[in-house]
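Just below sit the structures, each encoded as structure tokens.
Below are two complexes that have chain A in common, paired first with chain B and then with chain C.
What follows is the complex of A and B.
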């Protein structure tokens, strides 16, 4: 197996760290500390619910912002600054470079999310109860957030191969929002009498990733069990969808003339 | 016939232009070239002539409209062949979050070297290009000249057989240029093939076994530098100083221009010694005598005038 993507991935991760991307952890840490102290004083009995909801939402939003804003510049910046010229002149295939950039950003998101998970655990511990089995659902919710971020990163990377960061951001966010409401859009189409609208909403439903299925924050807050089948289904879905998007990105980038 | 280091056949590149991208602008027009193993080959031409386009095509950074190229007998589309080549892009820019040492180590990893070997090579090439003292400084703090040196180091770090340098002297001070010339000559001594583009005629004269001249995307000719670029000495330039109270003698006074205490005259090659004798007799101190040659720009302008070609990109054809 080629080591090239791994070498590119490590450099991408190092770049993110040196560009102080992980500074967001300070913000997250302060927010969780503040929230833990505050809910300890004002809410009785729902400390856990508030902390888990707040913590998981913050993990999701911060991860999403990172995935979109770093993802859309991943390839574009390399082309614009011409840093990939001396790299692609080496025995590196374009898809290897692309896979490396993707893996590097995923690694950054994984490290960032892991630290935030530790912060959430500390806050939960602080609000005064031992960990229970139901808390494991929060870990499942975090796993789903990571799967969602892997999808969003693949989509941002795809757009980054042929459009500017601003347009790529718009496109990625549009796909994300559509993906959250994919089920509603399909149901809306089913309510109409128009076969054209029904067909369009059905195509849209299957085309955009269904992000709604990746949201387990509410279940985690209430300590509800997430079915094992859903975990498998989401895992498989994210792997297949991200792979298809990456193959498409590779096809676009592989034929692209660099400026 | 031995395998050539570089073989280019009918390489052509058109770029779509206009809002609908229906018009095509030809940057390179059926270029065919052959560079032998061990040669230092200069690729000359004014801005926009197609030099960088050619190098980018060879590096598969862009794709040809027509034509093919082989390096050491293998197609440029063969990715594994790229292990045998080194490339310095024009005005190189590297990851500025890395130090020079880290950057070279990063590139060395793509050649599959182990840790100890990488360390040895990185140290050696940092010294060779004269930036060992700044090895642990982030590249964002590097000047253009220092980046150029890093660029040369990364191009030769893996000891490739064929090295492509796009304007390697660009941004370098006179000492840096001399050092790069020494590096190129050293590569030649090691039997490597060097293909470099340049605007600087004296570099081409000094270093190249052969040169090719490209104007408006079209090859004007290839050959030894003296053959292909007829660079006759136009005149001799003499700088001198006169002793206090003395004036420039006779006819020379009319053509002399004065800057501070210095005078400058241009005389024909045939009349040089007579003029120098006259100046010496008048007590002048001769500071320098330099042949005046047409600049590369002038040479290209002559060529463009002769061929009726545009100096830069060029032909517009409709799809």
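What follows is the complex of A and C.
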């Protein structure tokens, strides 16, 4: 197997670090410290809960913002700076370049999320030491967030293969919001009497990426156990769906006229 | 602008920025003074539907629930103790909070206190508090503390001993509940409310299910006391019958036996004869250990 995707991935990660993308960690750290100190003063009985809910929500939002805004520019920037042409003149196939870019952004998100997880653990330890077994669910929730980010990154990369960053951002966010409301789309169809609408909404439900699957923040907050089956099912779902999107992206990018 | 000019003007920024910020702060204080009265009047909840907010939160509903719960605490805390305090938004805020996070047990528990406390310490709406806790129980079936809170609301606020006993009994059957304490409370409250049969059933179950000799002793003592209570009710009816037949009150149990209304002098569960008190009603013999304080 070619090592080129790995080389592209490492360079994408280095580029992100050079662009000071990881500076968001300072913001995250300050926010967690502030919340850990302040919440006890203004609320009752939710110190630990707020740290988990706020921490996981921040990890998710910051990750999403990075996945979307960096993801949509991955291809476009290379084309704008004309670096793509010199790269593709080398023995790098287009799909390898795409896979490398995807892996590089995933690595960036993984590093970023890992640091935020450490910050969350420190804040949790501060408000409610020692750790309890139920805190492990927060790790599952973070894993689900990473799966969600992997899917969003693939979608952003797909749109960036044929569209401008502005439009790609809009398209990606539209797909994301639709994916969150996937269950409601199906329920809406069930409310109607029309079998055609029901069939359509059902197809749409299975077609759009169901981001609701990856939300385990509430479970983490209350220390509820996440079934093992759900963990591997979500993992497989994310892998399969991201693969579909990446194959489509590769097909689009492969046919794109870069002259 | 050339670099020399730029470096010359560089010292101006540290002076200008604080000055401009101070000016902005001063202006903000003037604007606040202008709009404060308006702000006080505006106590409203723009979105009252928790379901809608849940949808709009795009999956971050647990965090939004925490924010709304903090708002509930601040709303209640800012009004508590005021002579003419109104808590009109308390119930809607709690509804939104618990819709956003149905497992936020603290919101049901403290929310019920805020709602049920009589004015001016609370909203004085025990009915809404009961509804809130019932919703909490439905959403968190294994949470014994919510059943306990429901029992407290029925017992203290509504004086509904029947429902209070049922709630404590339900709490005692939940996992991790201090079942002995709750069963004793349920039985005691049922007894207080006149539900002797319910009380006896709970004590009997407690007696059978526990291995703790102290608890068994307490349960047995209560069962005997309940039996005595039932006997007294029946014997009072016989005493009334005697009075109807002979036109005078019976002074001792022997009167009832001599009148062939009783086959013999009735004994309490400890084997001590019942007596008739100065008020003409049946009562336990002062020598009976039943009802005596536990040693």
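Convention: the second predicted complex is superposed on the first by the 251 of 259 C-alpha atoms of A that agree within 3 Å, B and C clash if a C-alpha of one lies under 4 Å from a C-alpha of the other, contacts with A are read in each partner's own complex, and residues count from 1 in each chain.
Just so we're on the same page, a residue touches a chain if its C-beta (ideal position, glycine included) is under 8 Å from a C-beta of that chain, and two chains touch if they have at least 3 such contacts.
This structure is a prediction, so every number in the text was calculated from the model and none was measured.
After superposition onto chain A, the partners chain B and chain C occupy separate space and fit alongside each other. In the superposition on chain A, contact of A:24 is made with neither chain B nor chain C.
Once the two complexes are overlaid on the shared chain, A:181 sits against chain C while remaining clear of chain B. Once chain A of one complex is fitted onto chain A of the other, the partner contacts of A:49 are limited to chain C, with no touch recorded for chain B. The angle formed at chain A by the C-alpha centres of chain B and chain C is 160 degrees to the nearest 10.
Once chain A of one complex is fitted onto chain A of the other, the partner contacts of A:85 are limited to chain B, with no touch recorded for chain C. When both complexes are overlaid on chain A, the residue A:221 reaches chain C alone and has no touch with chain B. Remark: least CA distance from chain B to chain C after fitting both complexes onto chain A is 18 Å. No residue of chain A is contacted both by chain B in one complex and by chain C in the other. The part of chain A that touches chain C in the complex is made up of residues 39, 42-46, 49-50, 53-54, 57, 60-61, 177, 180-181, 184, 211-212, 215, 217-218, 221-222, 224. Those residues of chain A that touch chain B in the complex are listed here as 3-4, 7, 11, 14-15, 18-19, 81-83, 85-93, 255, 257-258. Per the touch definition, chain B reaches chain A in the complex via residues 15, 56, 59-63, 79-83, 85-89, 92-95, 97-98, 106-107, 109-112, 151, 154-155, 164. Across the interface of their complex, chain A is touched by residues 55, 58-63, 65-66, 69-70, 73-74, 101, 103-104, 106, 110 of chain C.
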